[in-house]
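A quick write-up on the structure given underneath.
Chain IDs A, B, C and D follow the sequence of writing; residue 1 opens each chain.
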Amino acid sequence: MDLFEYQGKGLLRKFDVPVPEGRVASTSEEAAEAARSLGGKVVVKAQVSVGGRGKQGGVKLASSPEEAGQAASQILGKTFTDQEGRGGTVCKRVLVERAGDIKSEYYCAFLLDRSIRQFTAILSAEGGVEIEKVAETDPDAIARVHIDPLLGMSDFHARELVFGAGIEPEARKGTIEILPKLFRAFVELDASQVEINPLVLMGEDRVVALDAKVILDDSAEYRHSFFGELKAVHEVPEQERIAKEKGLNFIKLDGYVGIIGNGAGLVMSTLDVVKAAGGEAANFLDVGGGAGAELLSSALEVITSDDNVRSVLINIFGGITRCDLVAEGIIDALGRLEVRVPIVVRLDGTNAEQGRKMLADAPHPMLVAADTMLGAAQKAVELAGEGS
Amino acid sequence: MAILIDDETRLVVQGLTGREGSFHGLRNRAYGTNLVAGVTPGKGGTDVEGVPIFDTVEQAVREAGANASMVFVPARFAADAILESYDARIAVIVAITEGIPAMDMARVVPYVRSHNGDAALIGPNCPGLISPGKANVGIIPGEICEPGPVGIVSRSGTLTYQIVHELTQLGIGQSTCVGIGGDPIPGSDFIDVLGRFEKDPETEVVVLVGEIGGDAEERAALFIQDHMSKPVVAYIAGLTAPPGKRMGHAGAIISGSKGTGQAKVAAFEAVGVKVGRNPTEVGALVKDLRGA
Amino acid sequence: MDLFEYQGKGLLRKFDVPVPEGRVASTSEEAAEAARSLGGKVVVKAQVSVGGRGKQGGVKLASSPEEAGQAASQILGKTFTDQEGRGGTVCKRVLVERAGDIKSEYYCAFLLDRSIRQFTAILSAEGGVEIEKVAETDPDAIARVHIDPLLGMSDFHARELVFGAGIEPEARKGTIEILPKLFRAFVELDASQVEINPLVLMGEDRVVALDAKVILDDSAEYRHSFFGELKAVHEVPEQERIAKEKGLNFIKLDGYVGIIGNGAGLVMSTLDVVKAAGGEAANFLDVGGGAGAELLSSALEVITSDDNVRSVLINIFGGITRCDLVAEGIIDALGRLEVRVPIVVRLDGTNAEQGRKMLADAPHPMLVAADTMLGAAQKAVELAGEGS
Amino acid sequence: MAILIDDETRLVVQGLTGREGSFHGLRNRAYGTNLVAGVTPGKGGTDVEGVPIFDTVEQAVREAGANASMVFVPARFAADAILESYDARIAVIVAITEGIPAMDMARVVPYVRSHNGDAALIGPNCPGLISPGKANVGIIPGEICEPGPVGIVSRSGTLTYQIVHELTQLGIGQSTCVGIGGDPIPGSDFIDVLGRFEKDPETEVVVLVGEIGGDAEERAALFIQDHMSKPVVAYIAGLTAPPGKRMGHAGAIISGSKGTGQAKVAAFEAVGVKVGRNPTEVGALVKDLRGA
């Protein structure tokens, strides 16, 4: 789960990480009130989980409560896209923070490096910009250390980062102090990433996390009581939300061939095969392992509710999943839904013959059987009115 | 021969008294796997369809001679279960459980790997492995496999079945099919399994099934170049996946400039590994190699 | 530092280890008052850091405040010896604890196993007796697990202990819960040993630490604020206390040849050589590395204040320690103290010649120079009026 | 040749700007040790009598080519300093510091040992080591040593000097003298050092100096029996120490039935290792062996 800045900062504060004083507001009145209680200059920041909000007008300085209210009204309700200009997420909240005198901006991140099975910590003397850009233009400003998960972070790691990145002398002490706190937060929050950009040097040699991008590991939800609360404010598109509630792994895409499969790898492969056959997938939908009739029926419901879908491809290779139950789910869905697009079904593996026979015995005008994965993809693309 | 599991395998299932554990454990036994024990704390002394249950893996090793374990306990207990098997000197630990927090595996995997070169952890979040005709540990359907000369190593489950199916359809059997799982930190990666296939006299060709995300495939390509004499055919799922979209597995995320399907295909082709464009073509490429 | 039972239990309580409710008392009135506030039957236990207090009458049951007071008056002021009947420590405090219904007694310990560089946890289904005896009579009742310090204790370790030792079913849950708490206490307190004998099963399947023998690592004092407070109540023999204050590592022994050396190994070797020459050492005194004149002078003061000492052997091999400073310290001591026993001095290593010359230039009737370690030992024994 | 340190040693001293660190570091340089760097965080860019100071060990390795380190920082910073050297791929780490909490070393020692077979940690709480005529890293007085064929490994400091002195008096020099220190968990134990002496062509005889407490000597005896072709002479200090009395070192406590001086002497004699009754006799025994 990608946390909003204010959520991430709220968690970091529990680990004694210095962050600016601030309040969350979801109306311009609340924002003005927040600015009033904070006093002085404030920054009003869009709370959206996409990068590059600054360039899109999502961060505004305000020197009075009135200005803060105005800034909030410009930001709230605005749609933000990701750095490639894709997607779109409407801003529902702003974070109003006391503005301070920033002397230097750094970058800091903790993440899990799969290749070496260790944590990696990154510190850069240049912050406030994308770390990839710094890596290109000034690689010497970036220091990296690997931290063995069995040993944890030791003081020398922090020193190697600070001296390695060439952090200014007056910021050394503060940075050496903040790094182990961030590491502890990273580990104890079950984060897959803690990124502070920028980490800033302020007056009195204070080093403060001015922004925070924290990603939590959903698998660890069971051992953190705060997960549910954080999750509650995250909104996902309606169709994805319904799918998730039903236990389906669903992602909306831009095409017109609806895809249902079991197992992420097989579904990705099915997407590739549909593309190769000249089609465009309307979605990614993985029913997971051991799906029963009800889940399959739900999956078909989710897919066929999308008006962009012109044909559906069901590609199941039974393992734990039993093809007879898959067939039962399809028959059920066809009975209770008004299905107007062709549904190409390919079944193999556990109880495949039985499943195929069940479908053959329950003919439906929209139901099309296919013998192979490639054949099924071809047929689904053809029936969508496209194809090579 | 085969790799990791075979006729000598004596399996203990951690969580054999659970619904999933008993279903798959007994299914593995029905396939011919020598299932010697189950472990459920507090249920020692009972049995599941004749398979004795012990309180600890250590007892299962000592009293039933278990040398391989399958972990089928819920995610929150799985890291501990893996460590228990490791501590009891189980040689092959197969963790099927999905949803184990990455922080747990970040400690468990390096620990298991660094302390005892002999123990192999497969998974977690994997379908297990099968040496057709010898032993099946996990959830791969045995019916679709045939004994033969092709080793398979894969990050995904059902996609592996698809590829096994393609091979079996062509009359080409498998030495061992290993699902290493889709977690960020798998207990064994492509390289570990490729190294075993290279040494296995029964394996003549290896099929590697990868996915977008991470750099495990790129590292495997380098390993193949330096250490493999046997031909390898690769397949990468997700070539057309839009960047940044999560595709089910944690492993299937495009991260930065690396990890794209195209980069992986290029890495394999650069070291002379043929890459099939779809599962069917993978079968055809293997057939060509066998024919040559 | 070996903690008293009540100190150990106080620390364990912070780690949620269940211990009986109790109060410390240093007079019989306080003990009676403690029993009154606890109510019902109580146990009055001598707080001494030697084993086997039970056999010496150091643990008494009392069913009323009056009985508790009487028990305390019998225990307080009593001298307790170690299990071999040596030494003697006067009891200054009792622990008054609520008595409970004990169903079973177990044994549990966590310690550092040097040979394998791991922690070892021991659980025995037989407690309340010496673990060595159980090891002889019923080894199957004892389970051991090794815990890697890098990984820490995992749940399976606790299960292996509990099932391995054959703990009764009703005590399993409680024991599996208490073990990780004891482990955490062991690690976080910087203990070199946490021993619970007995660990008991009480009513309602509760598992409780009925006794606690906790030894803390003195090297870790700097990171635990509670060390000083615990230490304050520990009394050491007067001579040892003075020596310690001066920075000397001193242990009183039963013989008559006073020994001063630099480095524990060399001092032990000197003791052996004195014994081989037919003498008995009066003490072990290590001035440590880099001792200066003042420390040497203090060392001589401590040794010669002991009336049992009939001769002194100073055996110094200079490394960081400079023999000229050693000589200076000896000369200083001879000047300011009334030394009535012969002092045999052997100097080698750093600045030895200079030191020897200084001593030769400052003759004193009690000062005897020796060339070798063996020769020095022989002479010291002879001058004590003994010898082979 | 010699073991662990020699003419190729390039030493960095962690804590060179401190009083003790500079005194002994410069003394080691005066002996002939190639002292290439010091490390004190925040003092990078300065120097101590011409020896450049760096902020981190990693910089000292990269810029000054350090391959050995001596840790002279206070106890509370010492575990971190050892790990820093290890992380910077220093091959020989000599920790002189005493009073490091056992819990710190319980993590550091297994970590350093398990992850990289090449790095040797000597100490902590040790006098260091010297290869006479080549290099001296630590506080052993160089004047008492002579180059020669005897390897010495010892748990104590000044007692080692005494034994070196006995040998030198008899005209017998030393290949390397290693003080492994008296802590409960030393970075290197007798076995590690004995193994190195066995492989060192310059070492012909080994003297092992032990103490009461623990079972390091007993384990060394078994190692000698199984793996040493070179003769070993042993000495055990504390044979007459009363049981249960602490004798300065944490290592010098009698624990249970094992660890007595008598048990150690018996263990050595059982495998044919001669045990000197005092330091002088150790010299004589070595002389006999050399004469034979």
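In the analysis below, contacts are C-beta pairs under 8 Å (C-beta built on N, C-alpha and C of every residue); 3 or more make two chains touch, one makes a residue touch a chain.
Please read these numbers as outputs of a predicted model, since none were measured by experiment.
J.: Which of the two pairs, C-D or B-C, is linked by more C-beta contacts?
T.: If we tally the C-beta pairs in contact for C-D and B-C, the bigger total goes to C-D.
J.: Counting only C-alpha atoms to place each centre, which chain is farthest from chain B?
T.: C
J.: What whole-number Å value describes the gap between the mean CA coordinates of chain A and chain C?
T.: Comparing mean C-alpha positions, chain C is 58 Å from chain A.
J.: Averaging over Cα atoms per chain, report the distance between chain C and chain D in Å.
T.: Result: the chain centres lie 28 Å from each other.
J.: Nearest whole angstrom, what separates the Cα centre of chain B from the Cα centre of chain D?
T.: 46
J.: What's the distance between the Cα centroids of chain B and chain C, rounded to whole Å?
T.: Computed value for the inter-centroid distance: 54 Å.
J.: Among the residues of chain C, pick out those that touch two or more other chains and give their numbers.
T.: Residue numbers touching two or more other chains: 148, 150-151.
J.: Which residues does chain B have that touch at least 2 chains other than itself?
T.: 107, 111, 115 - these are the residues of chain B that touch more than one other chain.
J.: What does chain A use to touch chain B in their complex?
T.: 82, 86, 112, 114-115, 117-119, 132, 148-150, 187, 190, 192, 217, 219-220, 222-223, 249, 251, 253, 261-269, 271-273, 275-276, 281, 284, 286, 289, 317-321, 348-350, 372-374
J.: How about chain B: which of its residues touch chain C in the complex?
T.: Those residues of chain B that touch chain C are 41-42, 44, 55-59, 77, 79-81, 83-84, 87, 107, 111, 115.
J.: For the complex, give me every residue of chain D touching chain C.
T.: These residues of chain D touch chain C: 24, 75-76, 99-103, 106-107, 109-111, 113, 127, 139-141, 143-144, 154-162, 165, 182, 184-185, 209, 211-212, 214-216, 219, 235, 237-249, 252, 256, 277-280.
J.: Which positions of chain A touch chain C when the two form their complex?
T.: Those in contact with chain C are residues 150-151.
J.: Quick check on the complex: what are the chain A residues that touch chain D?
T.: 148, 150-151, 154-157, 159-160, 163-164, 169, 172
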